[in-house]
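One chain, chain A, appears in both complexes that follow, with chain B as partner in the first and chain C in the second.
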Partner chain A sequence: MRAMGAFAAILRKDLRLELRSGQSTVALFALSLLILVVLVFTLSPDPANRAEASAGALWVAMVFAGMLGATRALLAENENGCMRALATSPIDPAMLYAAKLAAAFIFMTVAEGAAVILVVLFFNLEFGPELLRLAPPVVLGTLGFSALATLLAAISGRTRAGDLLLPLLAVPMFVPALIAGVKASAAALSGAELSAMTRWLGVLVAFDVLFVTLGGLLFEHVIGED
Partner chain B sequence: MAASSSRGSAVNPSGAKKARGVPALAPWLGVATLALMVASLFMVFEYVPTEAEQGIVQRIFYFHVPCAWVAFAAFGLVAISGAFYLWLGDQIWDDLGYASAEIGMVFCTLVLITGSLWAKPIWGAWWTWDSRLTTTFILWLLYGGYLMLRAMADDTPEVARFGAVVGIVAALDVPVIIVSVRLWRTIHPAVLVTRQGGHGLEDPRMVATLLVATVAFTVMFAWLLMLRFAQLRLRTRMKELRRQLALAEASAGDL
Partner chain C sequence: MMTAPVVETHALGKSFGETPVLRDVNLKLYAGRAAILIGGNGAGKSTLLRILAGLGRPTTGRVTIFGEDSLSLSHQNRRRIGMLSHQSWLYPNLTAGENLEFYATLYGVAHPEAVADRWLDRVGLLSFRRERVRAFSRGMEQRLSLARAVLAQPMLLLLDEPFAALDPDGVAIVGGMVREQVERGCAVVMTAHGPTAVEGLELEAYSVVRGRLAPYGGERRGGRLRSIPGR
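Moving on, here comes the complex of A and B:
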């Protein structure tokens, strides 16, 4: 009960900060927009494989915007020694991890909703029910990415390399979810059967379970001090 | 005598006292590596028959596969020693994991290079996104990230714990990578038959050569690991002594 209270308190604080400053969501959205613009110029969308190109663009935007913007709520705690205070407080580190993961997940999901609209506009897709079928892969992928990035940003944020180190660690680890997510999204956009998506969704679920569990178990070792 | 030994243990707390330089076994492992390497080179170039379909280039197989085996074993050792480090907190496990990751990276690079040299004449391309190649390449990137972390965070006191966490997470990620990459390739049209598909090792001499080469590379791995591990142990001990010296100087300054 107290554990849930700590989780709710930390998440509420991060959400309130976000509502007042809008930092993470605006940063995520702005980065997604710029990445999509770059991709439109470099990919020159071809009507034949529009579904695949737009699914790929969406995931590139998600990964690279997320790398810079998703973990702001966590990194903010490094200022003024807040992280040290949280680590020494009687809060279960797994709950702290869950709260930071939830914050990153919420900010990314909001920004991605906007990014999906941009992808539809930029790649000349239709606003239709197939966009709803994009939700399962995108939500599952975002959850996995938030879990991974929250754990690894706690590491990279405490080294002098900082932001540079996070992509070096996170991108190779995210490869399975990236493959599955792009494939499932492309299937969703091209209007393929739902069965074409299920095995990719299975990979995404396995990835999410693995990284949420690992993050919860290992977070205490990452925030503690020697 | 008793007084000096008790003072000695006070100056060398846990972890630091075990560092004793290169073990006596190391030169013998070096000699064994040399002998086994010469033997496997002889077998690869003189003893083993040329594979019928692929011709002479297939002989790279006898170095390629042992390199892959050593790379996978080394990366497994990184994860295991990471888990032991987080469990027991003894620096010895971190030194072992770090040494293993560095050597694993060398052999993983060799796997990619020998594979590429082999692929060009057989498949007509230096690189294809075949599932096995892709998985090995992602593994290489994962442990490249691990080593970048070690290099960039070297002066952070928590670097050992960070390394342990990344090593464990990377190793547990590997099964998911293998599954996803395999699914990814089977959906695409199979441009090339994987090298395991066509031929087994028909000739017993091929099996013998592969076995000797595998033993040679394994002994070489053990030898390199021992040298690097001993060096890291000394580094740990030096850090500890330096820390104690600084403490002693600080307390002397207080007086």
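Moving on, here comes the complex of A and C:
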């Protein structure tokens, strides 16, 4: 019960800080917009490859915006050494990881929602119920990337070359999920059979399970002693 | 029957790479006692406090806190440690009240709002409850940070230069709070650059020179401080 209280307190604090500054959400949205504008002109998709191109653009926006989001979620903890306070507190490190992951997931999901709307507008897709088919790959991909990036941002936050280290580590490690996400999203947008998505959704689920578990197990060592 | 010490270090040593920072440190402190570590910059005082808080691993020797190894402290015993660090450990974009309520919840303190109000009042910051910490002076941050460290009623309080950046009123408030904590049975370890006294409190004083701990003023003076020498 106390663990859940601590989880809720950390999440509430992160959301309050974000609502107060709006830095993460605005930055995520602005970066997604910039990436999608560049990609829509670069790819100039024709109707035949529109689903693939829009899915690819969406996931590129998600990866780059996600790196920013995860960094921001942990930045407040590095200011004034607050992460040290959390590390010496009685909260279970796995619960602390879960709270930081939940905050990053919420920030990214809000930005993802905006990115999906921008993709639909820029790539001349239609707003309709078929768009809901995008939800499973996007939600699973966002969860996986949040899990990976939260862990890596905590590691990189303790190194001098932290800003450089995060993309160097996160992007290559996310490649399997990125491929699966693009394939599943393209299948969703092209109106393909559900079976065309399930194989790729399976890869995303496996990725999520792996990195959520790893994060929960390793976070103690990442934030622990100097 | 003799009670067990709250803090005990056995031949504690710490090196960063090839550079030794602490050497053969043996410290024992019981409940209701206060120790002060006096030394210049780089003497190893802060490193010792960080190890006592479980934020650093000794290179040699070992540390026991409440009878447990400092690196594998139970959550229950973690809850019994309060620390004031060089950094304030406060969120600049939260108000003073929100910061204390957050830490009170984290430590499972009942009625976080009332507890936050009580400690804000104690450190003279109740009228700043709704002010963001970003707007605080260094001295106000220091007082708020001490309130954060003591709000869960710790039984071991680690204070890294608690009187730094404080005006005379702040020194009186912090000194009074330290004395109250010791009087209720808390063990306090604090650091300072020079001899420092807390009114009405006997301090076990140690000098820290190049990572070595010795009774302050030598064995003859017994390492006790009641008033600031020379004043």
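Of note:
Basically, the second predicted complex is superposed on the first by the 225 of 226 C-alpha atoms of A that agree within 3 Å, B and C clash if a C-alpha of one lies under 4 Å from a C-alpha of the other, contacts with A are read in each partner's own complex, and residues count from 1 in each chain.
FYI, a residue touches a chain if its C-beta (ideal position, glycine included) is under 8 Å from a C-beta of that chain, and two chains touch if they have at least 3 such contacts.
All values reported here derive from a predicted model rather than from experimental measurement.
After alignment on the shared chain A, the placement of chain B and chain C results in a clash. Once the two complexes are laid over each other on the shared chain, residue contacts for A:Arg16 go to chain C alone; chain B is not touched.
Contact with neither chain B nor chain C is seen for A:Leu131 once the two complexes are overlaid on the shared chain. By the touch criterion stated above, A:Ala85 is placed in contact with chain C alone, chain B being left untouched.
By the touch criterion stated above, A:Arg158 is placed in contact with chain B alone, chain C being left untouched. Looking at the shared chain after the overlay, A:Pro176 reaches chain B, while chain C stays out of its contact range. Contact with neither chain B nor chain C is seen for A:Ala114 once the two complexes are overlaid on the shared chain. Judged by the touch definition given at the top, the superposed model places A:Val203 against chain B, while chain C stays out of reach.
Annotation for chain A, partner touching more residues between chain B and chain C: B. Annotation: chain A residues 224-226 touch chain B in one complex and chain C in the other.
Taken in their complex, chain A has these residues touching chain B: 151-152, 155-156, 158-161, 164-165, 168-169, 171-173, 175-177, 179-180, 183, 199-200, 203, 206-207, 210-211, 214, 218, 221-222, 224-226.
Residues of chain B touching chain A in their complex: 86, 138, 141-142, 144-146, 148-149, 152-153, 155-159, 161-162, 164-166, 168-170, 172-173, 176-177, 179-181, 183-184, 187.
The residues of chain A lying in touch with chain C in their complex are 2, 5-6, 9-10, 13, 16-17, 20-21, 76, 79-82, 84-92, 224-226.
Those residues of chain C that touch chain A in the shared complex are 50, 53-57, 71, 75-76, 78-79, 81, 83, 85-94, 98, 102-103, 105-108, 148.
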